[in-house]
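Chains here go by letter, A, B, C, D, E, F, G and H, matching the order in which they are written, and residues are numbered from 1 within each.
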Amino acid sequence: MNAESIRKLFEEVRAGKLSSDDAVARMRHMPFEDLGFAKVDHHRALRVGMPEVIFGERKTPAQLAGIFKRLAEHGGNVLATRADEKQFAAVKKAIRGAEYRELARAIVLQRDHKIYGKGVVTVVSAGTSDIPVAEEAVATAEMMGNDVQHLYDVGVAGIHRLLANREALAKARVIVVCAGMEGALPSVVGGLVGVPVIAVPTSVGYGASFKGIAALLGMMNSCASNVSVVNIDNGFGAGYVASLINRA
Amino acid sequence: MNAESIRKLFEEVRAGKLSSDDAVARMRHMPFEDLGFAKVDHHRALRVGMPEVIFGERKTPAQLAGIFKRLAEHGGNVLATRADEKQFAAVKKAIRGAEYRELARAIVLQRDHKIYGKGVVTVVSAGTSDIPVAEEAVATAEMMGNDVQHLYDVGVAGIHRLLANREALAKARVIVVCAGMEGALPSVVGGLVGVPVIAVPTSVGYGASFKGIAALLGMMNSCASNVSVVNIDNGFGAGYVASLINRA
Amino acid sequence: MNAESIRKLFEEVRAGKLSSDDAVARMRHMPFEDLGFAKVDHHRALRVGMPEVIFGERKTPAQLAGIFKRLAEHGGNVLATRADEKQFAAVKKAIRGAEYRELARAIVLQRDHKIYGKGVVTVVSAGTSDIPVAEEAVATAEMMGNDVQHLYDVGVAGIHRLLANREALAKARVIVVCAGMEGALPSVVGGLVGVPVIAVPTSVGYGASFKGIAALLGMMNSCASNVSVVNIDNGFGAGYVASLINRA
Amino acid sequence: MNAESIRKLFEEVRAGKLSSDDAVARMRHMPFEDLGFAKVDHHRALRVGMPEVIFGERKTPAQLAGIFKRLAEHGGNVLATRADEKQFAAVKKAIRGAEYRELARAIVLQRDHKIYGKGVVTVVSAGTSDIPVAEEAVATAEMMGNDVQHLYDVGVAGIHRLLANREALAKARVIVVCAGMEGALPSVVGGLVGVPVIAVPTSVGYGASFKGIAALLGMMNSCASNVSVVNIDNGFGAGYVASLINRA
Amino acid sequence: MNAESIRKLFEEVRAGKLSSDDAVARMRHMPFEDLGFAKVDHHRALRVGMPEVIFGERKTPAQLAGIFKRLAEHGGNVLATRADEKQFAAVKKAIRGAEYRELARAIVLQRDHKIYGKGVVTVVSAGTSDIPVAEEAVATAEMMGNDVQHLYDVGVAGIHRLLANREALAKARVIVVCAGMEGALPSVVGGLVGVPVIAVPTSVGYGASFKGIAALLGMMNSCASNVSVVNIDNGFGAGYVASLINRA
Amino acid sequence: MNAESIRKLFEEVRAGKLSSDDAVARMRHMPFEDLGFAKVDHHRALRVGMPEVIFGERKTPAQLAGIFKRLAEHGGNVLATRADEKQFAAVKKAIRGAEYRELARAIVLQRDHKIYGKGVVTVVSAGTSDIPVAEEAVATAEMMGNDVQHLYDVGVAGIHRLLANREALAKARVIVVCAGMEGALPSVVGGLVGVPVIAVPTSVGYGASFKGIAALLGMMNSCASNVSVVNIDNGFGAGYVASLINRA
Amino acid sequence: MNAESIRKLFEEVRAGKLSSDDAVARMRHMPFEDLGFAKVDHHRALRVGMPEVIFGERKTPAQLAGIFKRLAEHGGNVLATRADEKQFAAVKKAIRGAEYRELARAIVLQRDHKIYGKGVVTVVSAGTSDIPVAEEAVATAEMMGNDVQHLYDVGVAGIHRLLANREALAKARVIVVCAGMEGALPSVVGGLVGVPVIAVPTSVGYGASFKGIAALLGMMNSCASNVSVVNIDNGFGAGYVASLINRA
Amino acid sequence: MNAESIRKLFEEVRAGKLSSDDAVARMRHMPFEDLGFAKVDHHRALRVGMPEVIFGERKTPAQLAGIFKRLAEHGGNVLATRADEKQFAAVKKAIRGAEYRELARAIVLQRDHKIYGKGVVTVVSAGTSDIPVAEEAVATAEMMGNDVQHLYDVGVAGIHRLLANREALAKARVIVVCAGMEGALPSVVGGLVGVPVIAVPTSVGYGASFKGIAALLGMMNSCASNVSVVNIDNGFGAGYVASLINRA
């Protein structure tokens, strides 16, 4: 133990076995990080209510189940993203309480039901094809202890659908907006509200949408000042950032 | 003269100097286009009310004035796009009636004031920085004989500005929408109306807008089905296409 | 009817059944667009003859058939794009009159045979590989009530094939041009006619064609002023825009 | 008040001064947003402490001074970004209290000194060349009523400089990180803290940095989950988003 | 028939039924291309020794065999590129003499064995993976009547292999060079010879080779002045251009 | 001297001072290139009629004049491309016979007027803006001893201008086609002739033309098989390749 | 045989059948490379300890086994990269001692166990997904005779994991760093050490990572001066370069 | 002073004023890096013979001179890259011994003339335009204590120039190769030697060279295994990496 090795050093000095100068010299050669863990703990302490997260893609059912089980032993919520039914079957065998959220392609184990977020996280999607990404954001934010609401299929080409839900938007403390194609929805939503908007470009689109690049560029260039952006299809990241904002 | 050479052929046949078969054979070796001008004329006939157009960029004031004067002799409207004040000074000296539209950076000579378009062409801009491109579209459509209206600074981040003008949009027979940054406005406008929308990406923007590419991609991927797109900053092209639609 | 429901509200107030305050409160909870529907109705009125459209890609046969059936109940034409034979089989079971247009990969149910367009919509393709995209444009325009003609395999490397059909082009009121590879055909067609040309880049090509980007860029930079562009392979969008122009 | 104007309409109907039909007709001609303004007001109410903002680039000194003066009449803080010394001279003449922040290239008029943010906003820059962007974020956040601290020149190639400031990072409620070149700093900072990190790619770099694209891509792909991104060199946007988070 | 309709016109003039002027006028309204076929024939005459070519990709075996058979009736050589074994089986059934060149993925029917080229066409490949593209060039050039030689696996990282074959290069009248990865070979070959070099980038490579783009850019920027470039993997085009040069 | 050192080796063998085996062994350690120069001479012999070429860009007038003078001493033609008037003034002082071709931005010194090319090199340009690039090709081909003809301003949007010149095209043994914007002209020209076409994309264009990339991609994807491509604006390279083809 | 032909020349000179001058003249016409093999040998001599390497991708098991066996006859180490289990089965049958390194996807035959490298080669990976690329570097460096150590899963978002291993890094004479996503790890490692760092971008990532391009750009723009970069996923190249450095 | 603060802690423990546990606890809250400087020193110790380096671009002459002077006080070599004559004049005034290397655009102050490198660093350039980048590498390597040789203007289009210098290449312990345009030279050099090659793409080129991207891609995809790459025009980085390799 690191703290222990330093304590020993102090003991030796106190016992007169070592001069202060020699102790300092010896510390110079100790590994850098021996004292650093306090901060790491402090950091972890901050993470109460944060789920342990596994990225499921490219993992075998057995691998995923193994990791899931180990993390489940920590006692908190566990979230596996980008998971399929086969992976879920393997997890389910190991952990009874695990559930599969099909739309979100997420496996969740929720044991901590406390709400840590101070307000509502609202997740908005432009089209029905963007829903899987939106649902990943929903699952993430829920597992991190938020009151989550969603508003789907309110894309800009039928602007009245969005406007009909202005009341719902107005209740949010932070908003996640998922959109593919031209990625214009975050700008419109951003202009309607005074809270932070996390934009998620999705890879939904055809032709010159370039698997989300058109949407990504659109969002980066949003004319609304309250918009920041995460990676293409990164519903998890958006839900995570939104949760941090909501508990701040 | 081409028609002349063919007439001679007919004369020779009529005079019995040439058999019909030989005449046909000789025509086979005549240049292809000798007879083609009828169509070209027909084509030109279609263009009544279309201005003669000069692309001003990279031309010296003297060059521009020279071309402008020559075209002015045809008697119709003349339009020079991407022109600056120095070029205008040179044109003005040669042609009294020429006017400079500063915002549009266009020199116009309007002699045919007849309205050829069947309805209203409405030109919309997202921000004030997009106005020069919008004004180029306005100047083009006006010189081509249209009733043109404009609606500026109605970008998507303040959607109520656009919605407050739905009546105006509803009157249009064709709409030109100029927008930079994320280029989302055509999608929203397209969703509000049932007429063709010509989208013009502008090079307005910063950082990852890439001089209009973000807007161009956004417009190409519009989720509104009535949107088609012209090149970046191509206000002239948009005004031209809109005019053709309006006189169709 | 919306206006009706508001009128009723006024009537109830007038009849003393409802206080003004309660009426205002009730209006607050009415769907937003209830007041907006004058416009929406007007808009919908414009859409007579417009098919109800389903984007077939990524939908299961059952899902597609379900949506198709529901839309068919509206009584007008129904169009499903990007559909395959399996999806058609499911639709056919539910709706007898549905037909499959194999080349266009479209399922159509045509009940409104009225011609709404004022002229001919001509759809041109550069090569035989561009025909599926062209056929999608044809199917769309036909379902929207147009007299549609097509002209296939008239690419620029054999320019005489195109020129041999100038008469056909001259009859069109609006032209859709589908081309992959270098995407040059819209420029040439645009130069031959005086009507609007809707260019559709197709993903046909090899090597540095980049799935339609080369064609898209070529069309964006067309030296013909009457060309506007829709997304790669977006035959539906082109047919839709052309139909709007043709009924304007 | 809007609701009021509608209530009046009801009153008039109830009083028999107006038929229901006339009332409906009159509502059709009311500006769309008359019912929406509750939200707009509410929205504006949220904006207490938000500066009026002018984008200075491409404006003449006279234009900028004119707009600045008009906004200053609203009584709150005024911020002009991307402004140069000449523009400042013009503003200074009109508004005594205006100050120029040279590094940030911002003109500020601070009259509301109240702190609206609940915690500290920390602005971090990777290199000295990123400081102008960072300072724009600082100026924005200060004008929006935040306690702002900064930490400059702590790039990843000398990681000890960053680590030496972990205590400072730990105090922040939200962090803005500006970095050019490979844009790696947000990932490292994100891994050290449990609060939201707003990443700003800067156009600082050479060769294959492509004016900020390399940094932008790096940040989009951050392996830290608490990072979201704004546009290249968009210090204003980052400061704005951070302020919203901090006052949430 | 076009020629017929013109002959009739001449007959009418000869018979005095029509004045020459009226005949000219009527021709103005005839379709443009009626007389144009002479040139097309002339063009075709130039093509002696050129194979009829079918692009095999995406065609069913039945389709390919059908087209192949029809072209075979013209009596010259027939070439189908990008063809697989199944397609060949179908062709073989229809046309006995057809052969499959496996490496080139080409089906050939050679009936005209005359050498039209004036010198040797040498086809060079950088690596063994580039050989299929090189072989397509070889098959094309052979079917077009050339003496073709090849030089494979002489990439720039082992420059002595190339130099050991300088005598062979010196004999060529035109050289085709196929290379993937960095695409450097055409520059080196171009520097060694004084004849035209046709460069073919191949899609061979990994990582940042981007399916041939790196090679394409390398070749476009060749520091040897005698290099021109065709599309990625376009062995057919290179063989075709080389053949034209060799018979010039 | 290399040849000398080998001759000495032979002398020693002849004199019996060295065994043949030892001589071979010693040669193994001699530098590789000692015997290689014969080929280089042979190569140079091929270059009769090829001008000595200087790339003028970024050279001072003094530097350019110095190099020009030195090359002029070889007695053949000298060509400096991308040269301006100041550079020409310096060259003119040193070499009386030098001439400046303004459009081509080339300084030429023509002393060898012999025609080495076997046919006509025709240089075609799409628009007037492409003429400088075309003129560079003309100057290069002329200095290399070709009968050069040109055909300017025959872009695809007015296809009749090109068709009116089919006779001229038919005379060429090799054709250079310069075009910016969508770069479609080489495909059309390629389809009209049976000789090699060298395509030169030019950086002429606006918006999404990306300084010649759109044209370059268009040309790479040409549907005409007789087209190969050189770098953007590389009129020199095109003239050089065309000259090699014409003298082959 | 080349040496033989030269020996004959010497013999003829010695026998007086040929003058020295004539012999020199004849050598001028001999192929360049006849004497060049000495250097090639010398080059090969340098390669002691370098494995014979086969790129396994796209080779059939039989092909790979055949090449492997032939190379194994040279007596040194043999390495096949990008190989799968089926290929290994075929190799194993032919060569008993061959082993399969599953993670590295490499087949190795190690017969030369001598350590040629002067220090330790340390291979670092950012995440677990980068391990296959890292293992390819490890296998390569081991087969080239190096003492190789590895340090996995020490990405920048958990910087303490890296710092906890600074001692290990300090021992390295050259370091290979494999990272996907934002590719930031080489900069951080580069800043911690004073030895060369070879960076390998991996194709690990999602959305806008573009299969390694984001990482590649990040590494190219590293703010640490001791970083150079190889191609995406090119673990072999990194291990090879590192080995050369380590044995220098 | 950090060490001092720790020594005090030890003193307090030794004096019995503080328990060991309390001391450990207090250390937990000390800034992390207080003990870390040993490693930094150690790191710096490694850097003997490394020059202090200033990036000159965008610095005023006064700023550069100030930094230069301060660094000069450390007693070792000082190097300022990307510096111009004005900056040099300012430096020269402050530091007599400073010299300006015009081609390299570098200001150097060399006081440590010891050779730290174990072998020769050879810097190769493809064309004369690449020399400034090459000279920056030369200056860097010389200031870091290396025996540096250079080989300029040996590009691949005249491969004999390179081969004529194989002896020179064979002497190098590490080679830097600078090339623009297609960037092919590193592959050829890499194939000729058995030592590490550091490739530097330069921004030299025209048209589709994209300011060095074509060269960068070419080098990333080098078919020679001993090549690694630094950023475009980064002669300093290449010289730095080469020096580290040479002193390893």
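Criterion: contacts are C-beta pairs under 8 Å (C-beta built on N, C-alpha and C of every residue); 3 or more make two chains touch, one makes a residue touch a chain.
All of these numbers come straight from a predicted model, not from anything done at the bench.
Colleague: Counting only C-alpha atoms to place each centre, which chain is farthest from subunit A?
Modeller: F
Colleague: Look at both sides of the subunit E and subunit G contact and report whether the same residue positions are involved, with over half shared, or different ones.
Modeller: On the two sides of the subunit G and subunit E interface, the residue numbers are mostly different, under half being shared.
Colleague: How far is the middle of subunit A from the middle of subunit B, if each middle is the mean of its Cα atoms, in Å?
Modeller: Each chain reduced to its C-alpha mean, subunit A and subunit B end up 50 Å apart.
Colleague: Taking each chain's centre as the mean position of its Cα atoms, how many Å separate subunit A from subunit F?
Modeller: 59
Colleague: Roughly how far is subunit D from subunit H, going centre to centre by Cα mean, in whole Å?
Modeller: 39
Colleague: Going by the touch rule set out above, which residues of subunit B reach two or more other chains?
Modeller: Those would be 32, 36, 39, 163, 166, 192, 206-209, 213, 216, 220-222, 231-232.
Colleague: Which pairs of chains touch each other?
Modeller: A-B, A-C, A-D, A-G, A-H, B-C, B-D, B-E, B-F, C-D, C-E, C-F, D-G, D-H, E-F, E-G, E-H, F-G, F-H, G-H
Colleague: Tell me, which parts of subunit B touch subunit E in their complex?
Modeller: By the definition above, subunit B touches subunit E via 3, 6-7, 10-11, 13-14, 16, 20-21, 23-24, 27-30, 32, 35-39.
Colleague: Applying the document's contact rule, which stretches of subunit E touch subunit F when the two form their complex?
Modeller: So the residues of subunit E touching subunit F come out as 39, 42-43, 46-47, 53, 118-119, 166, 170, 173-174, 192-196, 198, 216, 220-222, 225-232, 236-238, 240-241, 244-246, 248.
Colleague: Which of the residues in subunit E come into contact with subunit C in the complex?
Modeller: 31-33, 36-37, 39-40, 58, 201, 203, 212-213, 216, 231-234
Colleague: Show me the residue ranges of subunit A that touch subunit C in the complex, using the header's touch definition.
Modeller: Result: residues 129, 160, 163-164, 166, 206-209 of subunit A touch subunit C.
Colleague: Write out the stretch or stretches of subunit D touching subunit G in their complex.
Modeller: 126-127, 155-159, 163, 181-184, 187-188, 190-192, 205-210, 213-215, 217-224
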